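Two complexes follow with subunit A in common, the first pairing it with subunit B and the second with subunit C.
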Partner chain A sequence: MSTPVPVPRDLWEEDLPGIVSAWLFEDGDTVSEGDLIAELMVEKTSYDLTAPKAGRLRILVQPEIPFQRGDVIASIE
Partner chain B sequence: MNAPLNRTKRNLTVAKAMAEALAQEMRRDPSVLVMGEDIGRLGGVFGNTRGLFEEFGAARVRDTPISETAFIGAAVGMACVGMKPVVELMFVDFFGVCMDAIYNLAAKNCYFSGGQSPVPMVLMTSTGGGYGDAGQHSQCLYGTFAHLPGMKVVVPSNAYDAKGLMLSAIRDPNPVVYMFHKALQGMGWLGTVKGAINDVPEDDYVVPIGKAAIARPGRDVTLVGLGATVHHALDAAEELAKEGIDAEVIDLRSLVPLDRETVLASVRKTGRLVVADDDYRSFGVSGEIIALAGESAFAALKAAPARVAFPDIPIPFSPALERPLLPDGAKIAAAARAACGKA
Partner chain C sequence: MNWSLRRQSPGASAEADIDAEMALLDAALADPARPILRLWRVSRCLVVTPLLAHRPRFRPAADASAARGWPVVVRRTGGGPVPQGPETLSISLAAAHAREAAPGIDAAFRHFADWICDALRACGLAPEIGEIAGSCCPGRYDIAIGGRKIVGIAQRRRQGRHQGGHGATLMTATLVHAMLWLEGDLAAGIDALERFLGEAGAPERFARARMGTLEEITAGRVTGARFEAALLAAAASATL
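Then we have the complex of A and B:
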């Protein structure tokens, strides 16, 4: 069963697009719950994204591609 | 790079690795403090002090006014009386207003006092361009700092080294200039070189200052890089491998002291040398490495050493003008082919 990994809606305040500045695992890597999986960037401030559960990471949004808060940018199988 | 087997992989950006090293050393040693512009509440414009202000407070993580003359001078004084300041010069390009504190005070005080007053400070500063920030925010100036005696100079190319070199730098009794390349920080807007993100142990470990690393072993040609150009050299080595040229890539990691033995051993093995440096071409690190090979490995050379560096002009703002001037994998590969007689 695949669990979506959305960008939390309250991660930053203003309605600005974010990007992934760095995925810290490869697509298909096994991650543990709580692992730091990506760093996100909004304007010049960075935010951490952690794995909501253990499993195999599927990256859905590549670095530098803009997304909005709440968008699903990965899934964990 | 050999992590203990009982721990899982933990990839970090260089920015995070630097912040982790600072936090760990601040917990261990109460005399360590951090100062600079926007390094407190903001966590550093390059992300390398994130979380420190929240954990250690305003007395040990000091946001300073925009006066490098004042706060870098203050750091020298703090170090002279036994504190261990890590002070950030946001862009190395800004060194002009604080150079007296750096090269006449920090670098010389230990000598002038007969060893009675060492200056155990770290000056961390960002280098490099490639993202259209123009001539006053894109320089490397490695050669400028490495040229002046009395300071150690380190240039990490990846997160593992960034943490280990930071811990070494803070513990070193000498002033250490810690030069981190913006493209390697893992901050999206500066361009992110993927190879800079690697596995970083949570433990306390040091990468010794003065030891280069062989980033890729090879037999046919030695490619020497530092910071960002290590990754360009690795890209070049991958291209060259498809053509039957086996390149060895050396990551200098430290400029002062320079690990001459590792460079010379490689040149004696391959007989060919290409140095890649995104600092200005003339009077810099690339010339120093080539001089080293000429002085101490001349008999082993099978071809004239070559360098791939930034031309001796101010760095253009326009990406269309800047990008073609920067070293990259293709230029390094071309220089290596020429050295191997396969141009």
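Then we have the complex of A and C:
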């Protein structure tokens, strides 16, 4: 079963778009719960995104593509 | 004063000095009652964000830049590419707050920028906050004097837990980082940055006239030592 990986709505307060500045694993890699999987950037501010569970990472949003808080940017199978 | 001060001269490599920033977030999460203020400098380098590092031509371009004396370092705070060196003062503040009490992006930028502006005003200058279009790493909290940017600010945030006497608390650690061009040949750094960006497949041209060092903008009246003293004085009378 696939688990969506959304950008937490409480990660920042302002209504600003974010981007993935770096995925720290490749699409299809196996990750462990709590692994730092991506770095997000919102207006000169970087955030860590960690894996909510262990499994195989599927990347849905490539670097530099804008997203909003709450958007699903990956899944873990 | 509730913060602890760390000073650091350029170490073995710019990469190690910049990576050390991330340890500040861990330290802030471990002791939220004691924010950390770090005043530091790096050896000469071009600082970029991970957005550039995934480009196919990044590695050969970075190798070529290093061979010219400008190693390229990927930083973990946000923003765009910028030249730095021993004549650039980096000012970092790491603090952790309970998640519901953590300042927003704007509030953290504003608080930090106001503090630096207080120090510049204490030196007899008239700083202004606002984006300087065409500058390196532009942002809404650029600090300029006479329309020329001298300070850029970025942030890094991490969510974590602090284990206290009443169990674990969800926390947000915030690292705010400013770089201030104090003195030296800024144009040479911009030349090196533009050349690297072109070779990396991300060409960009910067407006040299819209940036400057503290030394050239004040005709040498305000030294780095004087600014640092003013900064610490302003910090002593404020809650960072």
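In the analysis below, the second predicted complex is superposed on the first by the 77 of 77 C-alpha atoms of A that agree within 3 Å, B and C clash if a C-alpha of one lies under 4 Å from a C-alpha of the other, contacts with A are read in each partner's own complex, and residues count from 1 in each chain.
Quick note on the criterion: a contact is a pair of C-beta atoms (placed from the backbone, for glycine too) under 8 Å apart; a residue touches a chain by one contact, two chains touch by 3 or more.
Just so we're clear, the structure is a prediction, and the values are computed from it rather than from any experiment.
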Touching partner for A:68 - first (subunit B), second (subunit C), both, neither: neither
Subunit B versus subunit C as contact partner of A:25, first or second or both or neither: first
Contacts of A:12 with subunit B and subunit C, given as first, second, both or neither: second
Partner chain in contact with A:47 - subunit B first, subunit C second, else both or neither: second
Partner chain(s) touched by A:39 [first = subunit B, second = subunit C, both, neither]: both
Broader residue contact with subunit A after superposition on the shared chain, subunit B or subunit C: C
Which of subunit B and subunit C A:2 touches, first, second, both or neither: neither
Common ground on subunit A, meaning residues reached by subunit C in one complex and by subunit B in the other: 19, 21-22, 39, 41, 44-46, 63-64
Contacting residues of subunit A [partner subunit B, same complex]: 19-22, 24-25, 32, 35-36, 39, 41, 44-46, 63-64
Subunit A contact footprint on subunit B (complex, rising order): 8, 10-13, 15-16, 42-43, 45, 47, 50, 186-189, 192, 194, 197
Residue ranges of subunit A in contact with subunit C within the complex: 10-14, 16, 19, 21-22, 39, 41-48, 63-64
Residues on subunit C engaged by subunit A in the complex (per definition of touch): 49-51, 53-54, 76-79, 99, 104-106, 109, 137, 139-141, 153-159
